[in-house]
Each structure stands twice: as C-alpha cells, then as structure tokens.
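Below, each structure is written out as structure tokens.
First subunit A sits with subunit B, and in the next complex the same chain sits with subunit C.
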Partner chain A sequence: MSDLASPRGPAGPRSVPPGGEAIDFVQLLTPDGARKRPAEYPLDVDADTLRGFYRDLVLLRRFDTEATALQRHGELGLWAPLLGQEAAQIGAGRALAPQDFAFPTFREHGLTWCRGVDPAQVLALFRGASLGGWDPAVHNLHLYSIVIGTQVLHAAGYAMGIQRDGHVGTGDPARDTAVLACFGDGATSQGDVNEAFVFASVFNLPVVFFCQNNQFAISEPNQRQSRIPLYRRASGFGFPGVRVDGNDVLAVYAVTRDALDRARRGEGPTFIEAYTYRMGAHTTSDDPSRYRPTGELEHWQQLDPIDRLVEYLLLTQTGDERYFAEIAAEADALGVRVREACRSIPNPLPESMFDHVHVEPHAQVDADRAWFRAYQSSFETAGGAA
Partner chain B sequence: MLKEFRLPDAGEGLTEADIVSWRVRPGDTVAVNDVIVDIETAKSVVELPSPYAGVVVELLVAEGQTVPVGTPMIRIQTEAAVGADPDGGGRGNGSLPSGSGEPADSEGERTPMLVGYGPRVGAVSRRRRVEASAPAASAGEVSPQEVVAGLFRPMAKPPVRKLARDLGVDLNTVPPTGRGGVVTRQDVEAAAERAAAATVTADERVALRRETRVPVKGVRKLTAQAMVASAFSAPHVTEWVQVDVTRTVKLLHRLRRSPDFAGVRLTPLVMVARALLVAVRRHPQVNASWDEQAQEIVTKHYVNLGIAAATPRGLLVPVIPDADSLGLRELAQAISVLAKTARDGRTQPSEMSGGTITITNVGVFGVDGGTPILPPGQSAILAVGQVAERPWVHKGRVRPRQVTTLSLSFDHRIVDGELGSRVLADAAAILNDPGTALV
Partner chain C sequence: MSGPGDHQVADSIEPADVQTLTMARALNAGLRRAMESDPTVLVMGEDVGALGGVFRVTDGLAKDFGDERVIDTPLAESGIVGAAIGLAMRGYRPVCEIQFDGFIYPAFDQLVSQLAKMHYRTAGAVRVPVVVRVPYGGGIGAVEHHSESPEAYFAHTAGLRVVTCATPQDAHWMIQQAIASDDPVMFFEPKRRYWDKGSVDLRAASAPLDRARVVRSGERLTIAAYGPMVRTALDAATVAEHEGISIEVVDLRSLSPLDVPTLVASVERTRRLVVVHEAQTFLGMGAEIAARITEACFYQLEAPVLRVGGFHTPYPASRVEEDYLPDVDRVLEAADRVLAY
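On to the complex of A and B.
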C-alpha cells in the first residue's frame, strides 16, 4: 500500500504563506495566469467552459458580497461569507454529474449556485424565514449543515444507499452516481467526519471527501489542528488523498472530476484538500482582525482565484475587456435582484414549523399543531381584523 | 421617497452599538452599499453600507452616542431615478422568481428595520383575547394540565429570565410591557429598581443622586481585565531617574529645520522611543516574556513597540511592529500615524496585539512619573514625564535646564534590578547626550 502513503499529484507549484513552509499541490493555473499541464490531471476545456467558469466566479462573488451587505442592512440575521473560496466551490460544483448528490456546509454558496438553487432560497435560511430553503431531492443537494461535520456522515450513508441500489460501477455514465461531501479543515477534527472516513474506506463507498482548508476554524488556525497536512490523513484510513490549489478553478475541477469518476467506477473514496483562504470573516458576527496574522490577507490577495483566470482569459484571448464589462453588468443586475428577492421573502406562518417534523402524519405532531393554531388565534389585533 | 435606516444587529443578538463616525453628511449623494457609518459593537468595529441610493437628508444620531438596535440613524431621500432598486432591474430575467406571497409594497408592513426576522407592525398591537384551550390529550405523554401550566408562565426571553434571577426579581410579579405580554429587560430592571427604592431611606436616596453608576464595558472592561491580569501575575518593580535632556531638545530643534525631516512630527516622545530601542538593542533580555505554561522565558529578537494613547474610547496601546528596524524618520511617522488613528477611534484590534515593550507618555498630562503597569505578556514599560525647565547643576553651576523623569516598570520574574537599572540608565544617558547612541 505504499502508493497510499505517498500523496498523489506532482510535487510542483508552491505557495509560501508568510512565515510558513512551501506547499505542494496540484495546480493548473498559476497566480500569474500561466497554464500548467500535470500529466496526472489532463484537462482540455474549450473557450465557452472557461468563460463559464469566469462568469460563475464573478456572479458568485457578487451574490456573496451582496448577502454580506444585506446582513449589514439588517435584512439577514447572519451570513457566512465565502470570499476567497469561489474557485474551490465552483471547480467542485461544476465537476458534478446531474445524478450525483452533494452535502454542503453552511458556506457552500458556490455549490447551491452550481446546483441551481435560487439565491433567495439560500437567503431565506439566513433571514430566519425558513428552516431549510430548498427541496434536496429536486437539486440533488442536501440542506446546509450548521452542526459541523454531520453532513459527512450523512454523505457516507447516502453513498452506501447508492451502492446498494447498484448505481456504481455499471459503466453507464447516466446511471453511475457519486456523492460529494463538503466540509472545512476544522471539521476534520470531528468524530463524525472520521467515522465517515472509516465507513467509506471499509465499504469502498462512492464518495469524494472535499475539504476546503481555508486555514481557519473560526479563529483556530489549521496548524493547531493537525500535525500533518490534512490530505495525508487519508492514507491512514486507506484511501488516496490529494491536495489541490483551491484558488485554481481548473485544478479543482480536474481533481474533483477525476475523484468523482473514480467513485462512480466503484473504485472507492478519495480525500481532496482544496488549499484556499477565507478572505472575509467567519460569519458577519466575527472580527477576523483579532486573530489574523498581519500580512496574511495581503499574501492571499495575490493568489486571488478570479484574478488569475482574468490573466489566463486575456492571455489566450478567450476574454477581453468587453466581455468582462458584460459580466460586471450582469453581476450588478444580480445584486439588485438579490436585494429585491431578499426583501420580499415572505414571512412563514408560525405553524409551518410542524411541517417537516415527520414524513408521515403523526398524532402528537397533529395535536401540537392544533393546539398551537388555537393559541395563535387567541390573539386579537387591535382595531379589528386579525 | 424618504427612507430611514435603522441600526441593525451586526452580530447575533447584540442590543446596542456606539456610533463611531459618520462618513456622510446631509446633502451627500449615496449609492446602495456605499459605507455610510462606522459603528462599534461589543464584538468589533463594523462598517455599515447604505441600503438605499439617494441624498442624505438628516443624520439622526450623533458620533459617540450609544444607541439600541432598531434606532433610526439616517434619513435618505430616494429618487425614482436613483432608486435603491429600480423595479424590473433584471427581475424575471434570471433564476430568481419574484418569490413573494406578499403584495409588492409589503415593505410598509414590516417594522422598517431590525433584522429580517424582525417583528411585523401588526404583531405590536396583538393582544391575548381568550385563553387557548389545551390540546385534547392525544399521544398521552403530555398532560393537558402540563400544557396549560406552561401557558401561564410569564413570557420572557432567556437572557431576561436570567437577569430576573440575578436581580432577585420574581418574574410573576413583573407587569409586562412587551409585545404580546412579554416581560422585557426594562420591565425587570424597573421592578428591581422599585424593589431597591422601597428599601432605601430618604437619606440614602439623596446619597444615590450624589453618585453616578456606569456599567463596565468595552475598552474600560478590557483595560480592567488586562490590568488585573498583569498586576496580579507579574511582580512589578519600578525604578526612576531624572535626566537633563537639554541636548536632546536642541537636537530636536535642529532636526525639525532639516529638509530630511520636513513634514514629520518630531517630538520628545520620538527621541525617547529611539533611546529605548537603542537600550533594548544593548540589553535584549529586557525585551522578553514569561511563558507560564512552558515554564520558559521567551526573548524577542524584534521589538514591537507599544505606545499607550489616551483616546475617546479609553486607554489603547497600539503597536509599531518591528520598531527596531525603523530609522528615526520612519519611527516618527509611525508614531504620529498611530496616535492619530487611535485618537480617531480607528485602531483595529490586530494593531494592538503582539507588543513586546511599551512606552506611556504621562508627561502630556503635566506629571513627572509613576509606576506603570505592564501590558500583559510584556516585561517592561517606560513612562516618560513632562519635559520642564528645572534648576540643575550644569558644569558646576545651577542652571535652568530641560529636565524629565523616566520611570521603568519591569517584570521581576524576568528582569533583575541590575538589568532594569542598566536599561533605564542607558536610555537616560542617550537622552542626556544623544551622541552616546552612536557608541
């Protein structure tokens, strides 16, 4: 099993954070926009796909910054910004096949974007107007998980179901299905996540563990949570681990696609560590200036996921200033629509909280609902109609 | 249309914020998401973006004021042409449905601000009419009596319940004034005050008016915690020395006229900082910290120089990182930038961390010295007194000379009297004769 002990991927490009050691990871696009072609991850993308990635990144960033502003306007109770992690999420999200199923954290706005969830549905949760937001079965995307790490275990369980339904390794590209489990670096310290690794490994489950190492679990830096790079933990569980430049949308796409293919073929789980950085606050309630080393943000701004794609589009003449202006205008329009949609999210009926307690009718829930309805109607509104 | 922007809850569950500074004035034109005001909450300083585009009509709260969440802060006149959200601006041409079960002008129905889950206006006037009947005993686990009993518990949010418990107030006796019969924080506080008033005598009431009580919070609270932590963990020793700094003052005058220092604020504080940095270079062990956990003394090979500053927010100690690598000109610039940032209340928490040694300029208050308390984690702090003309024996005669006092407190676990004295004497010698810094 010596191949498991050593990381996959070339020891190539390096990123040296201030005061840190050099980082080896799979990279297809350098921060200057130069294209690399590692043999293990061949990728040919046409101009439209490239432009599509750019559009995704820009619109996603706009949606995210707009939501942060909406929280400051008082329209949302909370927001978890993804600023800086756009490439990691778009790369992974776009690698999914329609039948694949993904399990997000609460920061996976790029995944909801790729899976066609309406931004207003995402905002409803953060506005306190919804306990979920969308129908997971419609989008093949589980709800946001707030409790750290739970969704990884759910993902392993879902992958078991797929395996038992025989949707793995048939060779039929429309049938074979993989599961994408998203989580953060902090989540790797959770029991649930490690249990999921064990199950995935021993049952050879069709699941890809997609860890965005954004360097912090709230204020706890990653170095304080692991003595070895996270992706190397996979070898101890018995499946391959790979680290990818999480700010390189092409690399994340190529690596995730490869791992999902592998899962669908029935070759088992892969751990991907997308090495990235949360440039914003943990949530709108957090003040990162209290724990962020000076200079770190500036270092990562040099590695911005969108900037390098701009360089590459310009270099390859797949995008020009006119195209960028077009997308910027589309982003502005999106901003306006997101604000409007947010403000017009309807307040839920209080009794809707009973709706999803049980799938099937349940006597206790029905009784509680009836009592609650009576209680609600015991209020009168001053000045007439209730 | 005239729009009001109310103070939102910028972190989960905050109740108030201080208005730090306005970035706009009446008459200014703002676009959506232009930053209009900085506020400081218990958690951080936060920039608030405008929800509206238009012209600022009025600022309703003043800088320095502490206001509860929900307070109207600013009035903005929005115009159709520059409306916050031009209708139809893309609606329907993307993935967002109008998504609304409400009439389009629903805005007026919602209490204008608060967070998204803020109450509707309608809810304010709702009142309990009839007692709800208990549910028919159904699944058996919850008896109707229990449910009914639950109904008549006084309604209050958990923090208010805790407050009541802490103040010894029985919630059942508090008349509720909140929406829907909810007992509010003010109700509990009022009840507590009534109870207290009932037990104080007339004399005591007079005495009460002779005192003001201000809750300990914000910078005051942090300062208090830091001072207690430091004073009761590091054994402090303070030494002081008087020094004739006439030559340094003359040097300052010369430098100020030199073109190399044009536009730089050169003050005695800058020279003291410089002298201390030289003394630290000669005695690096004074620039150290005590690692209790590891049982180690950590000597720093860099100097992050803290400069204590009195600010409207209270005492802050912003830090000049790697001050030992700066030339005199850069040092002077760093000190004046840092002082201005602190006075303006814009010092970020990260700019106050990582200090290794600190200077506090008590001279600006017209005093000579003191026994400064170490910032936690540092092993020395130098207080600079006023520079004043004093009779001094100079070259065998009593002369008026510019004299100041330096007081150095140090952590006696790390710094012995000998080391502390050498550092202090060195700094003093440099200020007495700046030429000695060259050797």
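On to the complex of A and C.
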C-alpha cells in the first residue's frame, strides 16, 4: 500500500511528498486560489462570508504573532503558536452552530477567536495568571487542555448528555446540538482518544472528532503515531473518516459543517483529519531546527492558507487592495490592543490559590488558607514595624 | 540485584576525573555510561531521540547509540511504561522518560498495578528492571501540569523504589545505580535544578542508591529535604548560621525505602526535625517521616516534627507559585517554631 511507511526505518518516508500531490483530500480552493467543486461538499458562500473568512485568518494570525512576540518580551511564560493552522481552526470554528459545544487543545486560538473569548483571557493562561480564564458555558467552549487527549473523552461524555437531553435528531436547527472534539496527530496515540472513539461509536454520539494533523508532535513526525493516514482509523472504529486540506478554509468549513449536521441529525460521529502544517515552533520553548527536514517549511509556505484566499478574493473580485489594506489596519489595531491587554492582566492575589479547590468548605484547605494568611501578615507586621 | 549502589563504572575517564557539569549534562553522561557498559539498556519516551528530550537530558544519545536503543515512542505514557515492562521481560533494561510530572498519570495503572507488582505476583520469576525518569517540581514559571510533585503516590506503592537526586554528582551516579538495579525505580529529577552546576566525580558515587546523606552538619536542628528542596534547605541553613543557629541538612535521596537510620542518627544529636518538600504536606513524605522519627526518637525529641510543603491545593497558576512553593523564609519560619519548644 503506497501510503504505508516503510516497515522498518522508524522515521519512514515523510508523508509530504514534494508538491504534496500524492495526498488526496477534500479541497475547494487550490494553493493558486482556483475553486474546486467536489460533489459531496457543495458550498455556496456569499461575498461577506468569504471576506469574513479572510478577516478571521488575518486577525488570528496577527494575534498569534503578537502573542509570540509578547513571550519573547517576557510578558508570557510560554506560547503555542498556531502559525499555518489558521484555516483549519477558522474553518471548523465557523462551522459550529451557536448551541454546539467544542473541546479545544492548547493551540486552539482560532477556536477561542470564533467563540468570542477575549484574547486577554487566552493570554492569561500563558502568562501564568490563570489556569483557564473563561466559563465554558458562556462560550460553549471548554478550557484549553494541556494533558494530551484527555478532552476527547470529555467530548464523548458531553455528547452522551446531549443525547439524553433529546437534543439530537429532532429536526429543529436551533435545538439539535453537536460536539466538536479537537486534538492533534500526536494525541491519536493516547488511550483516552481511542477510548473516546469507542464510546462515540457504540453509542452513536453526536460528536465530530477534529484532528489537526500538523505533521508533528513536538519533534516526532506523524509516522511515529500511525502507519496509515489518520482519517482511515475511523473505519476500524465504525464511523466515517475524511481527510480535508487543512490549509483550505472553505474545504474545512464545508467538511466540518457536513459532519456537524450529520451528528445533529443523529447519524453519529465523524473523524476529520485536517491536513496542515505547524509552520512555527511547537511552543516558544522549542527549537524546530533540531528536527525539521530542510525544505519542508518552504514547501508548506507555498501552501499558505491566507495566500490562496487572497488569490480567490482577487479572482472573484470579492476583495481588492483597498479591502486588504482595511483589514491590515484592523490587524494593526488588534495588535496594539492585544499588547496592552496582555500587559494589564493583573497578577492573581496569592491567597486566591485557595479558591475553588472544592465547592463546599474543606477543613484542610481552610486550615492552609488561614495559616497562609497569618504567615503573610507576619511579614506585613514586620515590615510596618521596621 | 547485588545491592543498590554497588554498581560502579571503573573505566578510565578522560580528560579529567572530576568535571563541572549541569545536572542535565551529568544525567546525560550517566545514561551514556550505562548504555556503553550494558547493551541491554534502552532509552525510550517522547522526543528523546533527535530532539534529545525537551530538557536535553538524552541529547546526542540517538546519534551515538541509534534508534534501536534510543526510541522516540508514540505519544502515549501508558504505552511507554507498558511496553517497557514487556521489553524488560525480554531481557532489556529500559529507561523511560515521562516528559513532565503531570503527564505520568496516563501510565498510572502500568506503574502501580503492573510494574510494581510483577516480581511479587510471579513469585520472583520475573524481574522488571525498568527505570522511569520524571522531571518534577515547580519554580520554572510553567503552565498547568508541568510543576507537580507526585512522588508520594509512588512511594506509597510497594514494589517501586523511588529516588530523587539533588546535585549533578548524585544525578550522574544515581541514574547509573537505578539502571543497574533489578527492581523498577522511579527516578525523580528536580527540573528547576537541571541547569545548576556542580562538580561530578566520575570515579565513584557518593553513596549507595538507598542511602540518605548528611550534606551539611549542624547542631540545633535537622532539616530533611530531597530533590529541589535540598538547595533551599542549604540556603536556609546558611542564613540561619548568620543568626547563630547551626542547622544540619539531610538529603534523603531515596524516598522508598527511606533511610531511617541516617535520619535517626541525626535527630538523636540535634533533637529537632523539620521536613521540607514541594509536594503537599497532607499525606506527603513528611507525614511518614514524622511518624517514624516520633516513634524512634520519642525521648530525644525536644519538639514535634514539623513539615514545610505545598498547600492542599492543586499547583496554582505560575504567577503565584512563589507563594505556593516552600522557600528559605518558610523553612526558617519552621526552624524558629521548632526551636521555640
């Protein structure tokens, strides 16, 4: 089988052949900006929607770039850049209905963007000022998950709840609800993720598994996680899998919307592999020069998710230089806003570490808090006396 | 095994027998020597190959020993430990790396129900000489799940040896001793001390793997610490000395078994004990030590054994970790209290 890695040589051949032609996936927009119209994924988007995608991609990239810079300036402890994955995340995020619920990884800044989470709340986590920052119910978006794969089981359970609420297959578009479970290619090796597939399959859950195959789990190429294309795993679990060009926002949008519709209709889970590339470092602590094959980044830069949309907007005369300049100015303004917001994130009060350990009073936590309070004030007294 | 710590590598070492190394480099050199002297030693984990591990502890090993012996595994901790058990059954000595403390829990079953019990349930027929390296502890400004101290879970589990190094010298030797041990060993590495430098004597270990060590002698009280807190305890002792208080510091090194005799000998002289660790005090190592010392030294003790450790909360956001973690002030506060009796 041509898509099997060689049986030995642990690294195997790279899955990205020069030019990328051998990868078959759903594509609606070629890297040159030409529109394709696969019959299974009909998509008619009006000019405003198209421009909206463009705006999302550009602003998201700016946010991400600013955050990387903020980390370099010591304002954030860490940042996990999404550079290169904008289309995958915006396509999926914009496909969600308001009532749908999503479970992100820690790199899902496009999803938080689509779900209206204030960028400062995302930054607070990476600044070390909070462990999360938002109420999942307000945005229908769970917190970032750092322990790889754990959130995928939560998504399955949440979908079980939706099923029990009778919010599946009623035909009422405002009521039927689906769950989007996000994870990376590396996560597919975790037991939790595979267990989630089993739960989703046997209970026919309204969940869409959205895997961004960005080719790496830190330094490990995805051949270290799978000998077959990831989307084909789904068939073994008993539900459909589809691979989509993850750098094509229209294709990701169409495929995800279709899968979410299916889930809401009560037809069960779908696995989507969004085939993309992490153009930046794994995190700001990482040094990709240690493992990135030469030429690979340059290859993927040719497939940039924003460039092809620019081509298409120009081609269809939905966007012109004036419009692009307008968005660029908006991105600059966002950059300023993000920098200021980040710098003004307040440090948590030390005593707040004792908050929310339990719902109900807990004697041990209360005792530790009381000790800490007395200990703190012993310094104040000492300081005041001096 | 012949006895923890008997293992010594006596090869001639150049250029110098004593080198100044960071803890990360000292571990790297220790792993390298273990791999050179025993072809069954394997290194396995996430990103341990080309990347050399996120802390570079396995740097260069894949290049020199090949990917049959330095294995970049799929992203699955249960898989790493479970497969290591199988490899051990087949005669290998796997050294697993868990990337960060907070990611060890997916492997919990394989560690506590499988690895820990294999020798026991096979009535001694199967040995599983697996080492599980865990960078642990806080103080590096990290995001969630990257700063935890889970050692007590494993010390609580019969069948696992649990050790932790505090200096480059011990890091270098203890990793070799752990690999040489025929028991499974949980090897906790204080990640915030990875970049601390110290001299490493490449000729001999400081002590066997299961021994504590008095790392500073003193008179008025004993501080028992391990891993990242040994330096904190030593710093506290230095400050106290300026105030005329002489503190003895014991580096526990082994958490299971505990070297109770070394502690008892110290406390019999100083008559006071403070135990310091980053992990929560509630049911932490300090609780066991307090019970043991109270029993063994009841008539010598001038004060109850006090504990300094983490609060009963999850590890908080890093902007407040300095308030969470025990520091010199917190250690001295406990010293004052124990001396006030």
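What we mean here is this: the second predicted complex is superposed on the first by the 355 of 386 C-alpha atoms of A that agree within 3 Å, B and C clash if a C-alpha of one lies under 4 Å from a C-alpha of the other, contacts with A are read in each partner's own complex, and residues count from 1 in each chain.
Operating definition for what follows: a residue touches a chain if its C-beta (ideal position, glycine included) is under 8 Å from a C-beta of that chain, and two chains touch if they have at least 3 such contacts.
Here the structure is a predicted model, which means the values were calculated and not measured.
Once the two complexes are overlaid through subunit A, subunit B and subunit C clash, as defined at the top of the document. Judged by the touch definition given at the top, the superposed model places A:47 against neither subunit B nor subunit C.
In the superposed model, A:148 makes contact with subunit C only, not with subunit B. Judged by the touch definition given at the top, the superposed model places A:289 against subunit B, while subunit C stays out of reach.
Shared-chain residue A:128: touches subunit B and subunit C both. Contacts of A:333 after superposition on the shared chain: subunit B is touched, whereas subunit C is not. After overlaying the two complexes on the shared chain, residue contacts for A:77 are found with subunit B and with subunit C alike. Of the two partner chains placed around the shared chain by superposition, subunit B and subunit C are both touched by A:368. Within the superposed three-chain model, A:350 lies in touch with subunit C and out of touch with subunit B [touch as defined at top]. By the touch criterion defined above, A:189 reaches subunit C but does not reach subunit B. Across the superposed pair, subunit B and subunit C both touch subunit A at residues 77-78, 126-129, 285-286, 290, 347, 364, 368, 375, 378. Taken together, the subunit C residues at the contact with subunit A in this complex read 46-47, 49-52, 54, 67, 71-76, 78-79, 102-103, 105-106, 141-146, 282, 311-314, 316-321, 323-324, 330, 333. Interface residues of subunit B facing subunit A in the complex, by the touch rule stated above, are 5-12, 32-33, 43-49, 51, 84-86, 89-91, 93-102, 104, 106-107, 113-118, 120, 122, 125-136, 138-139, 141, 147, 151, 180, 321, 348-350, 353.
Against subunit B, the residues of subunit A that register as touching in their complex are 66, 69, 71-78, 116, 118-120, 126-129, 284-287, 289-290, 292, 294, 333-334, 336-347, 363-364, 366-368, 370-371, 374-375, 377-383. Subunit A makes touch with subunit C in their complex at residues 10-11, 77-78, 106, 125-131, 146-148, 186-187, 189-192, 217-220, 224-225, 285-286, 290-291, 347-350, 352-354, 357, 362, 364-365, 368-369, 372, 375, 378.
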